[in-house]
Every structure is written in structure tokens, then in C-alpha cells.
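Here chain A shows up in two complexes: once beside chain B, once beside chain C.
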Partner chain A sequence: MAGAGVLLFLLVVAFLRPVLASRLPVVCRYQGRWHFPGLVETIRTLPLVSYVVGPSRPLGLPSFDVRAAVAESSSVIPALIPYDPLEYSSDVLRPASRSHWLGTDELGRDVAARLVHGTAVSLRVGFGAMGIAAIIGVLLGACAGYVGGWVDAVISRVIEVFLCFPTFFLVLALAVWIEEPGVGQVAILIGLTGWTPIARLTRGEMIRLRDSGLALASRAMGATRRRIIFRHLLPNAMAPVIVTITFGIAHAVLVEAGLSWLGFGVPAPNPSWGVMLRSAYDHMLTAPHLVYPPCVALFVTVLAYNWIGDALRDAADPRANPAWA
Partner chain B sequence: MAGETDNLLLDVRDLRTHFLTGAGGIPVVDGVSLSVRQGRTLAIVGETGCGKTVTALSILRLVPDPPGKIVGGQVLFSEQAGSPCVDLATAPDSVLRRIRGGRIAMIFQDPAACLNPVFTVGEQIAEAVRLHRGLRGRRAETLAVQMLERLGIADPGARARDYPHRLSGGMRQRVLIAMALACEPCVLIADEPTSALDTTIAAEIMALLGRMQAEKGMGILLITHDLGVAAQMADDVCVMYAGRIVEKAPAKELFARPMHPYTRGLLRSLPRPGHGGGRLAAIPGAIGDPAHQPPGCPFHPRCERTREPAALETRERVVMQDAEQPVTVLRRCIEPTSREPGGRPELREVRTDHSVACWEVAGDSAGAV
Partner chain C sequence: MIRYAARRLALAIPTLLGITLVTFAVIRLAPGDPAMAGEGRGGTLTLSPETYARLSAAYGLDRPAWRQYVAWLWDLLRMDFGRSFHDGRPVADKIAERLPVTLLLAGGATFLSLSFSIPIGLLSAARRGGVFDRLAGIVLYALYSVPRYVMAMVLICLVGVEWGWLPFYGSTSEGFADLPWLGKTGDLLRHFTLIVVCFTYPLVAYQARFVRANLLEVMGQDFIRTARGKGLREWTVITRHAMPNTLIPLITMLGLLLPSLLGGSVILETMFGWPGLGQLMFAATLQRDYPTVMGLTVVTASLVLLGTLLTDLAYAAADPRVRYE
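Here is the complex of A and B:
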């Protein structure tokens, strides 16, 4: 439950980041008209909406200084943290204060704002990577497990080849080939290297189910092989697979932070937790306050996914429930 | 059996299914011939491991391959009496898939294992209907509820929305029967449909099957180890032993005049009213490993007839080293020389419609009990 609560909080923070941390005010009155730039931006940055609306367009709002506007007029509600994550200032390496809740980094950027926007990066990489890994892993694992024979042999060998390399170094090696890595590319990289445990587990489950009465009954019903695998058997194989995927998300978040820390992940100005850790590391002695926010955020996020994974595993395992024992 | 071919739906001829493991194939079904007729029930009885389930699975080519493989024989199926036959043993997969579930439906021993725990039973019946009868959406679901109602399930609308784990064993078996019958098959293969159920529910299910058969006129192939069920349901009975049919007769004839020593042993092992408190007669031993069958008649190590002292006194005998102890048996029961190819007793018609695979019985005058 705690894990789910943290995850929900992270999702809310990620979705509401234009309202929580942005130079754009949530509501403002400008030249006699009401504007809701923060809310519009929130909707625009929802997943998939940007594909419908098109790429980032100016909001029909001339650039203006929010703080100045706040000072001038009373009809402006600014964002909770009224800074953009990429907004430079001359206040560098300031510790936490009333105007910068978590201080500023070496370029004068507000750490709290970067942390909020980093949440979105972390979630996108986590879910994106595991989404890709789950699709590849479940498809290949299910085919290998059900079909067996040479299909199984080939897929199993591919899995073993992937498992020979430590995931992190495989990602690192592949990351070198990508010139301008974005969040999406990093997610794809992690997904392409992280599908093996899912495939192995799905394969095992499918082998178990292939010889069950369920498979026999489906065949006796005249179902095609594809239908038996994906409609009849796969839903029954998913419980342990979902647990693995949950743990995999935590792993993907860590790998992304590690990559970014080394400079191969999300490129520097973007507010990723790994990038923040990197710059904190560079100024650890002079500005130790920079270290804690991304560390705590990573720690809590990974812990939350692990809690969720544990809870799902317990829910899927009848023997773990003392009430039924 | 007599040559009435007019209402023949399923004609299995000399079916051989081997399990190909390691060195050579193990004959699990070894030359079985049987026929299922419209509106009639054929029961296959026999003890565990005699090959009855593999026979049933072979008909629809459902034996897991590997290791199972149909190495010979034909499974001729015609949708209606007189219409052209398809040989299911060699038909392409697409043809077979249309027949499976649609024309020949199958219900299995353990209804809990055959229902998908992640879908409601209504969805599962509806899926079968969509697959084979081309009904879409709501109409399939309506038909599913109607089927449940006809199978005597109370409040069928609500039950259709239940997941299998919420139903009792008897209800689950009804659901499976509903699923099988929803597509209006012409042959129903019921593989021990009541073994997982308690006796009263089993009787209800059997009565239900009988009623459905009377309604739809389908042929039933009933696989069971329960002679009582066979006697109650079947028109014809085949007794299987070690992958072969050893006796085949109309049910009344078989139970009134069992001829094969195995059949008689089975019947004697049944509890009977007035039997008193003594031990039931059992057939000693068990069906051996199909990979290592004894020479001659496969039943001879357990056969009492071949070991009857009276028989042994007057005729040529042989001492066999059995697994546990030496047994003395009639030479003619183990000597394959100058007998049928394969050295096994073949089915021989000894009375009208009554065939037995036993050299002793076939040699003697029929009915000498």
C-alpha cells in the first residue's frame, strides 16, 4: 500500500509538473483577459496529447517575468515552485531558502523544480523501458514455451547470449552508438536489454501451462495455436511476470540514473535525477545540499517499486497468505 | 460388429498410437477399431493405463506430439450418415480445427483444469459458440445463458457472469458440457466425465448427457473405468486392455455373457447387493509397462483361465518367470507361433455382434462359463 501510495504521488507530481514547478503561472490576468497557461501546459504534456496537438507551440502568451507580474498585480496565481527546470540565474550553489526550497545548483537552477521534472523522466524511462521489455519478453517467452522444439532452442540461446553481458555494460556499449540520446532512446535501450528475465519467466510458465488441461481443452475446442497462446494461456501466466516487470521498473530507473550519471543517458541540461546527481557529485564539498534531493528521490522510487513488487508477489502466491495456510 | 453403415459417424480402423521415446515406439494404442453411430453411445471401459484416453485423444489428434504419434490406422468421420468421410488421422490442421469442438466435441475428466480461471464461464461458452457457429457478440452470450439453463443450472444469467472457481464441481462439469454442446456437435467424446464428481452428481451428469443425446441425436463415445456407468449409458461396450480391444459387444450382451477372462474379472470385482462383507474379487497384478509387454496374449500373467489347475493338468504348459514368482500358464496363451501376425490374439466374432480377443475363448464353444 505504501508503495502504491508513493507511486501515485510520483505520477501526480509528474503529470502536474507544469503546475508544480514552472515559470508559467497557473492562472493570470494579462491585458484584460484570463489565461491558464499552467493548466494548458499540463494538459498538453499529458502522454499522447502532444501527438494530437502537435509539437510545442507558443501559448499565445508573450514571455513575461512571473515574479514581476506577481509583484505588479494580484490576479496571478503562480506555480508552486515558480521556476523552470532549465532556468539559469546568478544565485549559484545556494543552500535551501525560502525562495529556493532545495537551493540552487551550480548554474543557479532551482533544485526543487529540477527534481519535479526529473520525476517525469524517471517514470517515463521506467515504464517505457519495461513496456518494451515486457512486449519483447512476453512474446518471445510465450512462443518459446508453447511451441518448444527448435523455436525454443533458438530463443533460449538468444536469451542466454543476452544474459552473458552485464545489463548495465550492454546498455553502456549500445548508448555510445546513439548520438543525441533522449528520454525515449534511453528507455528503448534499457528495454531492449532488459527483456530476458521476463522472457525466461514467461517461457517457464508457458511450459507449465502447455501440458495443462486448459491447453488440451482449448485445442479440443478447435482454437488456433495463436489463440491458445495469447488468449487462453497467457493471461494465466501473467501473475509472476507482472511481479518481475515491477521489479524491472525499479531496475530501469536505476540504470537510467547510472547512465545519466556517467553522461551516456539523458543529456545534461535535462532534469534527470542522474544528471542532477552528477552535478551534485562535482560540487559535493562546496554544496552538499545538492546531493540529497536526487538521492532521496531515487531511493524512495526504487523502494516503492520493490514494495509494489513484493505485494504483488504475495498476492499471487496463495501459500504466502497466512489466512489460507 | 454387423455391417450396418447407414448411421455411422465415426469409424476408427486399426488405430495405432505410439509414444516415441528413446529406442523405438511404445505402442500405447495398438490396433483399435471402433465405430460411433448417430444417437448411440459406445463406451470404452478398462483400467487405468489401458489406453482408453489416448484412444480418445488420438481421434481428434490431440495426443501431445512429441512423444505421441499416430503411426497407423484411419479415423473416418462423416458429419452426417452417408456424407463423405474425412480421415482425421491425416486431415490438414485447418480442417481438423473446424471439426474439433464444432463437429466432434470433447469433455474431460477434470472440469476444474479445463476451464480458464481468468474468464467467466459465460465468456468461455460464448467463445466456443463464436468460434464454430459464427454468432457475434450478444447473441453468443445469450446462447451461452440458454445452454446453462438447459443444463439445469439455476439462475443461469448470474452463473454465466461467475468465474469458474465460484462454481461447484458438478456445475463446472455442466459448464463444460454446455460448452461442448453449444456448438451442436454430432459426436461427443466424454473422457471420464464423472470421475472427479461424487456419486449423486455423477448420476445427474450422466442422466443429463442421456437427455441431451435424446434431444440432439448425437453419437457419444464414453470413456470410463466405471462398469456401472457403462451399463447405464452405453448401447455398445468395448473393453480395452493394454492398448487393444479385448471384447466388444452390445451392452446387454456383454454384461449378461462376458467372455474374455479380463471382462469377467472386472465384473466380478464389482460390489453386488447381497455380496455380504467379504473381500471383493480383484484381478491380481496390474497392466504392465506398455514398453515391455509379455509375449503372446498380453493378459496372460494375470489371467486365471490360463492358470486353472484343471486346464493345466490336461494340456501343454509352460513356466514363465514373472516379476514376482514363476507362474505356470498354458503354452497356447504365450506361443505366438502359427497364430495371428504380431503374436497377439485378434478380435474374433464368437456370437452375433460379440467379439472376443482370447485364444482360449475363441477356441472353445462360446458361452462356456
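Here is the complex of A and C:
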């Protein structure tokens, strides 16, 4: 339960990031009219909304005029961390202070703002990658488990082959070939290399279920194969799969951070915890304060997912890998 | 036993072929090809058509894909991994000089983790619910949630930079060659310490939990009651009767850890400047050194396959029931 709470907190942070860390104020009164740029931006950054709504024009002005306009406004409530994560400054490598709560990095960017926005990047990659992996894995695993025969033999061999490759070796070998890495591409990459445990598990569950009374009854009623698999068997097979997916999200976040650390993940100015770790590593001798924020963030995220996953696992199958009790 | 071994070996061969196929396909799917390697990411082709044609012929790129694959496979069978694009040295040499280093890391981590996790698991199970048990549970859970490279960063920052207790980069210090034999060993060990700790601690967390759970399950069985009924001391009951039955699942689990050990090595070896396979993989990826990348991928995947095979054989040797499946 604590895990779910932490995850909820992270999600809230990710969604509310324009209100938490941005140059845009939450509320201001500019030229006699009330504006809510922070809130508008929050809605605009929700998934898919930006395609509908169009580019950002806070206060109805082009973005480079905004700071001046805000300076002229009255009744300004600024964002909690009034810095943009991409904004350079000359205040380079400063430790934590009253104006920059977690300090600044090597380009003068505020670390706290980057941490907040990095939450969204990491979570997006984590969920996206696992979504892809889950779809591929469940489909292949269900087909292999239910149909059996040569389909099963082929898919099982494929799974076995993929399981032999160490994660990062495969991901790196693929990452090189992406011309312009973007957040989406990284998620797809991690998803494409992470589906095998899910497939194997789904296959096992399907094998267990296909000879059960449930399958027999469905067959007797004349259901088509596809209907049997998807409507009847899969929902019963999903319990351990959901556990694996939960742990997989944490794993995907870590892989993304690792890739970003190596320089093959999220592209340069975008804040990601892995990129922040890299800055910290590069400047460890002069700016050790950079190390802790992303480390704590990653630790908390993994801890939360482990909690949730363990709780789910205990609910689904208490004997599987018993908790420490 | 021989029949079982033969069966497992026979099953491994298509997997091995699959590994080579996937590796080859991944490289071939890349946009661009080795002849353009010098142009970098998405660079425009500045080679003249004649030069490009000559390069393509030299790399054998003008032959159909399946012929390239067969040719590469044939070379692999004769242990010819080609020459590196980066420095022209045979890839096999580059791999061979780094393989022992990474294996040392993996082996050391496994050995160390077992020496810690078995006693911890034993003690926790023996005094279940006691102070040690609960404390170990919490500490190990927290440790398990810390990602390896996060721990590495923190350790480098604290132990290496701020406190200066241990060296944190490379495998040797300057002036290594001048040290006497004992000094050399000591120096290597000191460099080895931090990276091995980073590899080991999640293994300990995972294995200790495993050992504890298995031990508790075994201790609830009848033959333990018999042993106690015979009047044996508790210590003898645990070590001579319960432990051997716990070790078998532990062996299985060990083999499954190999991919994560080798995969995690990329980031950690790069962070610590440890001259192993992971560091080579990362460097080769950066340099678009295709022969090295392919050779490394095949070698590591094959190693993992070998590890799984050995684990299966060990399992079959220990538990005769497996052989008849």
C-alpha cells in the first residue's frame, strides 16, 4: 500500500510538473486580465492533448516575451520551483541554496526542476516500454501456450534465444541504429527487448489452463479458438503476468536511466534521471551535490514498484517467491 | 545422465544458431552499413560511388544477405571473429583479453554473494522472527531496491571521492609496474573492491531471501522431524539434513542470474573503468565497430547459454528425478 502511495505521488509530480517547476506562474494578472498559464500548460502536457490544442502560448504571447510580461504582472503566484528545466544560466555547479533548492548543474540549470520533469520522462518510458512488451509478450505467449505444436516450438526457441542475450548488450546493439533517439524510440526499444519474461509466463499459464474445465466448457459451447483464448483463458492467466509487468516497469525505468547515462537514451537537453546521473558522474569531483537527487529518485521509484509488485504477488500466488515473513 | 546431457546439448544447438541469427539480423537491420560506417550517424555519403563499391565488395556487402550470414557463421565456427574496424586487431584477441576480467567479476560476485547469503538465510530461518531476522529483512529489502549503478555512484562519491578510502577507476594505479608482486595483488584487489561490492549486494539480497524461504519450507517436512526425534543437535539437523535440499533450487537460480550479471557489467564497468567485456561493448558501440559488437554479442549470449546448460546438468546430477522428465 505504501508503494501505491509513493507511485501515486510520483504520478502526481509527473502530471503537475508545469505547476511545480516552470518559469510560468500558476496565476497572474497581466494587463488587467487573469491568466492561468501554469494550469493551462498542465492540461496541455497531458498525453495526446498537445496534438489537439497546439503549441504553447502562455499569456497569449510568444514564449520569449513571457518573462517580461510576468515581470509586469500583478498578483503573481509563481510555480513552486520557478525555473525551467532547460533554462541555462551562468550560475554553474552551485550547491543547494535558497534560490536553487537542489543546486544547479554544469549548464546552470536548476536541478530540482530537472528532477521534477525527469519524473515524467522516466515514467513515460517505463509505462510505454512495458505496454509494448506486455502486448507482444502476452500475444506470443498465449498463442504459444494454447496452440502448441510447431507454433509453440518456434516461439519457445525464440524466447530462449532472447533470454540468452544480456539486456544491455541487446539494447545497446539496437540503440546504435537509431538515427535520432527520442523518448518514444527509447520506449519502443526497451519494449522490444523486454517482452520475453512476459511471454514465457503467459505461455506457462496458458498451458496450465488449456486443459482445464474452463477451456473444455468453452470448447463444448462451440467458441472459436480466438474467443476461448482472449475472452476466457487470458483473464484467468493474467494474475502472475500483472506481477511481472509491475516489476518490469521498474526494470524499464532503470534500463532507460542506464541508457541515458551511457548517452544512448533520451536526447540531450531533455531531463531524465539517467542524464542527471551522467552530469553528476562527469562532475563528481567539483559538484558532488549533483549525485544525490537522481539517486534518491531512482531508489524511491524502484522501492515503490517492488512494494506494489510484492503485494500483488502475495495476492496472486503466495507461494511463488515468499515475502520475508 | 549421459542421455539427459545429450538431450540438453542437442536442444542447445538450435538456440545457438538462433543467437547467431538474431545477432546477424540486428546488425543487418541497421540503417546504413559498414561501408558507410565512417560517416557517422545519419551522415550524408561523402564517398565517391567507386570507393563505396570497393568498400562494399571488401566487406562482402554486395552478396545476398543469406550468403553473408553463412560466411560469417562459417568464420565463427573457426573462431574467426573478423577484425575490429577501430584498430584492426582481431576481434577474438580483444575479446579474449577481456573475458577473464569480466569472468573474474562475475565469479567473484557469485562466490561472495553465496558466502554471505547462505549464512544470512540460514540464521534468519533458524531464528525466525528474531531480531536478526527482522533486521536482515529490512536491510536486504532496501538494498535490493537500490539499482546497481545508483549504488555505484553513491559509493564512488562517498568512498572514493569524499573519503578517499578506495580507488574507483581502472584496475591499476599509476606506478603499478613498479610494485612488488604482493603490492600488485593488493592494488588490484583494492580496485576490485568497489565494483565487486556493486555487483554482489543485490545478489545477496535476492539469494538470502530465497535460501530463507526454502529452508523454512524444508524444515517443516517430516524427515526433519525424524532427525530431531533421533536426538540430533539442531545445528546438525540444519546443516546435514535441511541445507542440502535447499541448495538445489539455489543452483538453478544461479544459472538464471548470468544474463543480468553480464548485462549489468556494461554500465558498471564503464563507470569504474574496469577493463572487461562490458566496457568493450560500450566502446565498440560508440565507435560503430560492427565486427566487435557482433562478436561480443555472440560470445556473451553463448556464455549465458553455457551457464544455463551447466546449471541444468548440475541440477540433473543433484536431483535424479529431473533426468526422467
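We adopt the following convention: the second predicted complex is superposed on the first by the 298 of 325 C-alpha atoms of A that agree within 3 Å, B and C clash if a C-alpha of one lies under 4 Å from a C-alpha of the other, contacts with A are read in each partner's own complex, and residues count from 1 in each chain.
Quick note on the criterion: a contact is a pair of C-beta atoms (placed from the backbone, for glycine too) under 8 Å apart; a residue touches a chain by one contact, two chains touch by 3 or more.
No experiment lies behind these values; they were computed from the predicted model shown.
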{"item": "Partners on chain A (chain B, chain C) - clash or fit", "value": "fit"}
{"item": "First, second, both or neither for A:P288, with chain B first and chain C second", "value": "second"}
{"item": "Chain A-centred angle between chain C and chain B, computed on Cα centres after superposition, in steps of 10 °", "value": "80"}
{"item": "A:A220 touches, of chain B and chain C: first, second, both or neither?", "value": "first"}
{"item": "Winner by number of chain A residues touched, once chain B and chain C are compared", "value": "C"}
{"item": "Partner chain(s) touched by A:H232 [first = chain B, second = chain C, both, neither]", "value": "first"}
{"item": "Touching partner for A:D211 - first (chain B), second (chain C), both, neither", "value": "first"}
{"item": "Three-chain overlay, closest Cα atoms of chain B and chain C, distance in Å", "value": "16"}
{"item": "Chain A contact footprint on chain C (complex, rising order)", "value": "14-15, 18-19, 21-23, 26-27, 29-31, 41-42, 124, 137, 140-142, 144-147, 149-150, 153-154, 156-157, 161-162, 209-210, 212-213, 259-267, 270-271, 278, 281-282, 285-286, 288, 293, 296-297, 300-302, 304-305, 308"}
{"item": "Contact footprint of chain B on chain A as seen in their complex", "value": "211-214, 216-224, 232, 235-236"}
{"item": "Contact footprint of chain C on chain A as seen in their complex", "value": "157-158, 160-170, 172-177, 179-180, 254, 257-258, 261-264, 277, 280-281, 284-285, 288, 291-292, 294-295, 298-299, 302-303, 306, 321-322, 324"}
{"item": "Residue ranges of chain B touching chain A (in the complex, touch as defined)", "value": "57, 60, 62, 64, 96-102, 105-106, 108, 110, 113-119, 127-128, 131-132, 176, 179"}
